[in-house]
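Structures given as structure tokens follow.
One chain, chain A, appears in both complexes that follow, with chain B as partner in the first and chain C in the second.
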Partner chain A sequence: MMVVKIDKQKWSSGINQLKSTYDVYGPAKQGKTYEFQKLGSEQLPDLTVQNTTLSPKSIVFPQSEKMFSFHTDENKSGHHILKEMNNQSMPKAVLGIRPCDAKAFQLVKLNFDTCEYKDPYWIRAYESTTLIGLACNNPCSTCFCTSTGCGPFSETGLDVLLMDQGDSFIAKSLTPKGENLLKTATWSDSFDPATAESILKSGKEKAESKIASRVKTDQLASKSIMKIYEAPFWDDVAFSCINCGTCTFSCPTCWCFDIQDETKGCQGIRTRNWDTCMSPLFTLHGSGHNPRGEKTSRVRQRFMHKLKYFLDKYNQGIMCVGCGRCVRLCPVNIDIRQICNMMNSYQPS
Partner chain B sequence: MIEYQKKIQNIAERLLNEKKVDVVLGFKKGTIPMMNQPCLVRVPDETQKLVWDSNCGINLTNYLTNRKERIGIIAKGCDTRNIVTHIVENKIKREQLVIIGVPCTGMIDKAKINGLMVNEIAEVSEHNQEITITDSRGATKTIQKKEVLQSNCSICKYKNPVIYDELVADLVPESKDIDRYEDIRKIESMASSEKFKFFEDMLSTCIRCYACRNACPLCYCPTCFVDESKPQWLGKGMDPIDIRTFHFLRAYHCAGRCTDCGSCERACPMDITVRQFTKKLEKDCVELFGWEAGLTLDKRPPLDHYKTNDPQSFIK
Partner chain C sequence: MQNPYLPYPVRIDNVTIATEDKSLKTFKFIFLDPNDEKKFAYKAGQFAELSVPGKGEIPIGIASSPTEKGFVMFTVFKVGLVTAYLHNMKAGDIMGIRGPLGNSYPWDLLQGKNIVIIGGGFAFTTLRSSIVYMLDPANRPKFKDIHVIYGARSPGMLLYKDELAEWERRDDINIHMTVDRTDDPNWKYNVGFVPTITEKKAPSASPDTYAIICGPPVMIKFTQPVLEKLGYDHDHIIMSLENRMKCGIGMCGRCNIGKELVCKDGPVFTLSELNRTPREY
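Take a look at the complex of A and B:
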């Protein structure tokens, strides 16, 4: 572990150094919202943003990603053969990612990087990305990260943790990747690790004390899947839902995708695109049958997957990091915190 | 607003007690500032959870489509215009409904309020036509509601319900001499390339979540054209052509039917001003057909019927 102090006057020069080795991402104004985007040559991340509207998952898992190209002209060689697209890019550095969003990559990794299946696109992008987290001194009122095995100063999944100290940052590297990044940026003013730990500890306590929003998850594992599935509250939970994709698309842990071939003449590409369990098309079979044809079953699927199936399958807690985005953005105020508590406390009669 | 709320609760309770309706469709208090949640109340005892304030911008007509019970629905001016459209389009029967009309003084715009404070908003309260905002550090600001209205509400011509069975308060004065189309004329006057750039920028942040479509009471197609898979009309990725096609076609499908209730913009997580499209078509319908949507049960919208004396020859 290496701890350095980054004087804010050296912040921008360090970032510019990084740009020769990394594609540097950070929060920036985009349209009317703040999102993670690739920073331009003189652009700095805007670290005044509490939380970006969308999560930074698209940096590793783009909303639409080209997988293969092909052609169908039988007079030419190689027809109907999928050729892998060259998706190689520079290593990426994500500056100012929040601890919740970094932890989310760890949860998604459980799905994309397993003994049985390795998703080359996700793994390649993830492994070439360095995550420089910014501890949350002022969490939002909708943040409930301390209930999800995460927290405003959580280090899980990060390569570097930054804590804003006013005119400087304390930067604690957590992995060799993180150390490399600090060296590349020539941020090397060493700082006493013990002092850093005590500053981080008090910062953490202060930030965690500001989080008033909590969920209970302690009973979820012991509940029967079928009993919760058949609980009487799902129709009420789903009533106001309009079945848009806002919750799933803004969620840092939602990973579902759809694969499509797009052709023009004889040329084609195979892409994968984010999909959402809120859409009827997500589960529509080729036969025309739809096992989740009704709104209630789709809403139930979202919460059962995040709060029960995932937990049972991986034993790594719920598939939610408590970032609060779905709570803030849902057009009709469906609040995962309430639903999680309902599921956790449900006693079948 | 508190008087409105009491009256709404009383009417809902009475209708359920007298068994005039099976359910009442309204709002309950949300879990975060400036949000209420659409809800169904089935028993008189639960009517106390019904709320009314300036955060009831979601159009409840969206929840009526094809329902079979007798429903009491709490409806502001725009909602009632959509109820009329729903009845005309056979999505609900007039006899099924008891319309609890709310003379509306406009809904507030979350983004505008968020923009007024540096810190996160902790609470928003209202008294008469004043809004008091408290931020997470305890700072407060009191402003006139008219300064923070949703943009559709600030140019609304039909604040009062156009059709109702019960009324929760006296009718409010309608605004006179409103210029509804200032922004649209500006776009119309642009050169083609400028217009293209304008729309390109406007839609550049769209994530295709379809919240605009799904919050819209007009978008009740059993399968939307963007979700058709046999054949598939539209790519599913982030190609700007597909994104534009969705927005343009959706807007055209709402031509002569849109009441400018603003649910689409309110629902959009990216704050895209999708009403710019529907308003252009609304303006065309006013100018070409003298038509405003949802004002009468006696006429069909201009684009869903055929007249033998149509002035255009191509259609004969």
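Take a look at the complex of A and C:
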């Protein structure tokens, strides 16, 4: 571990330095909202924003990603044979990612990096990305990260943790990747690690005390899937949902995708695109049969997947980091905190 | 890192019409690189993604048996985009196969047991694979009695008719073919729905007897109580599911029933396993 102090003047020169080695991403204004963007040559991350509207998952898992190319011209060799695309890019650095969004990558990794199969696209992108997290001094009212095994100063999944000190940042490297990045940026003014720990500790306590929103998850593991699945509240939960998919698109831990071929003349690519369990097409069979044809079954799938199936499958907690995006963005105010509490306290009669 | 989404290139070796209404065709594929055939080592009950560049991929049960070398075979029902395109493809065309995917029938467990295979309609593909596998001279001694109950709407809708006739003549397997109805005077087998024939022909339950059922939902719905009546435990009833799939390797998220991913944890489950999952299939 290495701790440095980054003077705000050195902040911008360091970032420009990073841009020769990394594609640098950070929060930036985009129309009316803030999103993670690849920063231009003189552009700095805007760290005044509490968090971006969409999660930064697209940096590792693009909304649409090319998998293979092919051609169908039978007069040329290699027709109808898929070829891997060269998706290689510069290593990426994400400045100002929040601890919840960094932890989300670790949860999603359980899906893409398994002992049987490895998803090369996700793994390559994740491994070449360095996450420089910004501790949350002022969490939003919808955040409930302290209930999800995360927190405003959580270090899980980060390579560097930054704490804003007004005119400077304290930067604590957590991995060799993080250390390399600090060196590349020539952020090297050393800072006493013990002092840093105590500043981080009091910052953490202060930030955590501001998080008023809590959910209970302690009973979820001991309840049977079928009991919660058959609970009587799902129709009520789903009643106002319009299946718009906003919750899944904005969520840092939602990873479902579709695979589609696109062609133009004899040239083609196979792509994968974000998909959503909220859409009836997600599970529709060719025969017309649909195992989740009803809205209630789709809404239930989303919450059961996040709060029960994932927990049972991996024993690594729930598949939600408490970022609050779905709570803030749902057009009909469906609130995962409330549903989680209902599931947690449900006692079948 | 090996890319699990990359199909093996194959050539269509031959296409045959499998049923009288031409809604099913059987495709034999040959791997362009013979080494790929070795990598594609499969067990009966597994499936593969058939990959038609420009159209997409579809999960299809492997109908050939691991004991048959030099090709892989699939029988495909025409329903939508990819299957309709495939039905218009011809010998010599190049496409891809990705797999083998999913678990298989539990062959270790089934060794030394009586096997009752119950199939309906065109869901007979991996059952054919299983029968050919068990009847292989090297494997037949590993199993006790084998019964097959197989039904279709009419005689012309039965898959693999030549093989059925051949198995029918053997004395180490009991074939019970049935059709829903027929006016064919030459039809010398059963007439009636699969559940009814199961009730009449299936051996009664024993700890050493396992039933494997594949068929349309309605057949499964009515066969299950028959097997229960015959005394079959739910962990002696084995089924294969067909949820909509894309990746086939447990990553894209659409095929789940509860916490199980049908593509990776399945498609083969015992009924007692299914009793513990939501009925989202």
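Everything below uses one rule, namely that the second predicted complex is superposed on the first by the 349 of 349 C-alpha atoms of A that agree within 3 Å, B and C clash if a C-alpha of one lies under 4 Å from a C-alpha of the other, contacts with A are read in each partner's own complex, and residues count from 1 in each chain.
The rule is short, and it goes like this: a contact is a pair of C-beta atoms (placed from the backbone, for glycine too) under 8 Å apart; a residue touches a chain by one contact, two chains touch by 3 or more.
The shown structure was predicted, so the numbers you read here are calculated from the model rather than taken from an experiment.
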Partner chain(s) touched by A:337 [first = chain B, second = chain C, both, neither]: first
Chain B versus chain C as contact partner of A:229, first or second or both or neither: second
Partner chain(s) touched by A:270 [first = chain B, second = chain C, both, neither]: second
Touched partner set for A:166, first chain B, second chain C, both or neither: neither
Which of chain B and chain C A:284 touches, first, second, both or neither: both
Partner chain(s) touched by A:31 [first = chain B, second = chain C, both, neither]: first
Chain B versus chain C as contact partner of A:258, first or second or both or neither: both
Residues of chain A contacting chain B in one complex and chain C in the other: 258, 260, 275, 284
Residues of chain C defined as touching chain A within the complex: 1-7, 9, 32, 51, 53-57, 79-80, 83, 93-96, 217, 242-244, 246-247, 249-259, 264, 276-281
Residues of chain A defined as touching chain C within the complex: 67-68, 70, 72, 79-82, 84, 111-112, 114, 116-120, 123-124, 224-226, 229, 255-261, 263, 268, 270, 272, 275, 277, 282-287, 289, 291-292, 297, 301, 304-305, 308-310, 312-313
Of chain A, residues touching chain B in the complex: 30-33, 35, 50, 53-54, 63-64, 138, 140-142, 239-240, 242-246, 249-250, 258, 260, 262, 271, 273, 275-276, 279-281, 284, 327-329, 331-335, 337-338
Interface residues, chain B side, partner chain A - complex: 30-32, 35-40, 58, 62-63, 111, 120, 122, 136, 201, 204-205, 207-211, 213-215, 223, 227, 229, 235-239, 263, 266-267, 269-272
